[in-house]
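The structure that follows is given in the form of structure tokens.
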């Protein structure tokens, strides 16, 4: 079985919903299993979580975009990953990323870029959404990949919407399909 | 008078409309004048254009986002700007940027990041939109800064929309207000 | 007087030395005063520090590059700056940034890019080093701007060098001149 | 056989030497073949070159960093790749990148970031250097990965050095080992 870990931080619950959709997609792939690893409000995970990451075939990073970048709790884990980095424990694992924020564009790409940079320091291999955007005149807000991410999966939740209201079904379906893509690649390359 | 140059490339006319809105805003500011400098389809501008850039207080860069970055015609001018770069002719001028593409997010930020990087090599000073995004549940597509740029002004034109149809009035108003912001800063700092 | 705040985090003392050089340069400019604001090991600053930032004409960000981005302590302050962001308290202030890391290139640019993105969300105005790089065959490691930053000031300290050994005098002189540049611009634009 | 294409532009010959080292490494891997595809001075490649790219298992991008980004000739090919992009012809191919410039840091990372962004639009899978940097006090300029790239392979050639003088042997060895890494991953994942 290819093991997929979804390592995420969520501040208010929107990114958590996105993470669950990613894991749901990844776990639905034949030959793959998916588990969520939630980063706490003070930016920590357990020793078991670190061990699970070390045993994963793929790690999918998730964080809200706050003030133009991944939340500090996510960054705290990234900084703590200097320990597996030193031994290149994550080398050749598959990496991918997703983010949610209130604004349509709103520097989400900055968060994804950072996740790529982190993955490259770990000598991981990065895979994106593999989805064409929905961008014709006939496109509607709830289409798959309407927000339009290539390097990672994106969701947009209005600043005053609760996690019950957002992300919208289309953004969550984007997340689910993204999870499938990562898991399929993990299964294929596991050999 | 503070001289504002809007140096832009447009492939199909959408970015041109955005550029005209930026210039319209900039030129409306008391104490400022604005001129458009269009980059040709083969990535050139005239000697007079280069002289106008050298005499400008602010240069606003504009280009469509193609394949995740500024169009090659814009990059060709950027590469040719190594000549004024060598003498640091643009040093301390104000710089800003805008872009249009078909997808809502679609790596527009990559284009703006490049424009900033270019400006920094020229020792210019970068100013963004200075606009809060429209991102509540009540937000509508045609609001000012709905697309949601901070580092530069963004527009989204559907892939099958003609320049008569897009950018939408809201994106063009965003461009106009952005032009005003840059020009006002140029007037203020001209002393 | 133009007030310059150097808001920085340092993990082991190297970035602190760089910050002190930046502040030394900024404070030497006629009409400017400079103060250091150190972010604590758990990513906090005092209420007085927040008030000092609100009263500043320029804020210079500084952080080590850890795992491809600014340290989490810096990011925690960035996230906490959503409060002044909401009221756009830092609007039109001058912003700039610097970073130190062990590797010559080593994704330092990622840290500077993030600082720019943060500044743009705050509607600040970004200024870089304004320095040509030392990059000819005759260049030596200890030259000003040998590391070669444009968007922000860069220093490189070997992974096994103490803060007494690194950054090298050339990188610290780069930092000092960078502080002068930011302060001079702050004085000039203060009117 | 896994087919590796090294698609590169070189303005003065330094990046060409780097490209040759990458191809030399890639071609030395058992089960892999490597070919160079040189982008012309006016930013074109032949129809046969486009066909070779379509038939490749991996495409390694190479370009000098000019004015903070990949040369316009490289960008012109990137823009022209909108045709295979539209049909997602390059989907799931392996992608990687390298760059050379005169300055040690000098915004090389901006070029690599752009190459990643391009690859992600093509739904390719990105692999970096997989090399730890040489960054201790004992490090010397000619060490493998002294310049210190993770996301892509980096070389630095002084502004007044001919292609006979630079890149240095250490940077070329970095390029060769990088070619090996990409080819090995291509062989492994080809199944």
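Letters are used for the chains, namely A, B, C and D, taken in the order the chains are written, and counting of residues starts over at 1 for each.
Just so it is clear, a residue touches a chain if its C-beta (ideal position, glycine included) is under 8 Å from a C-beta of that chain, and two chains touch if they have at least 3 such contacts.
Note that the structure is a prediction, hence the values are computed from the model and not measured.
Colleague: Between A-D and A-B, which chain pair is linked by more C-beta pairs in contact?
Modeller: A-B
Colleague: Work out which of C-D, A-C or B-C repeats the contact pattern of B-D, with more than half of the residue-numbered contact pairs in common.
Modeller: Matching pair: A-C.
Colleague: Centroid from C-alpha atoms only, then distance chain A to chain B, rounded to Å. What do you get?
Modeller: 32
Colleague: Using mean CA coordinates as chain centres, what's the gap between chain A and chain D in Å?
Modeller: 27
Colleague: Return the residues of chain D touching two or more other chains; collapse runs of consecutive numbers into ranges.
Modeller: Only 68, 107, 110, 113, 117, 120-121, 150-151 qualify.
Colleague: Spell out the part of chain C that touches chain B in their complex, as residue ranges.
Modeller: Listed in rising order, the residues of chain C that touch chain B are 88, 91-92, 113, 116-117, 120-121, 123, 125-132, 150-151, 185, 188-189, 191.
Colleague: What residues on chain A touch chain B, complex-wise?
Modeller: Spelled out, the residues of chain A in touch with chain B are 68, 102-110, 133, 135-137, 139, 146-151, 154, 156, 158-161, 165.
Colleague: Going by the contact rule set out above, which residues of chain A touch chain C in the complex?
Modeller: 43, 66-73, 75-76, 78-79, 81-82, 85, 107, 110, 113-114, 117-118, 120-121
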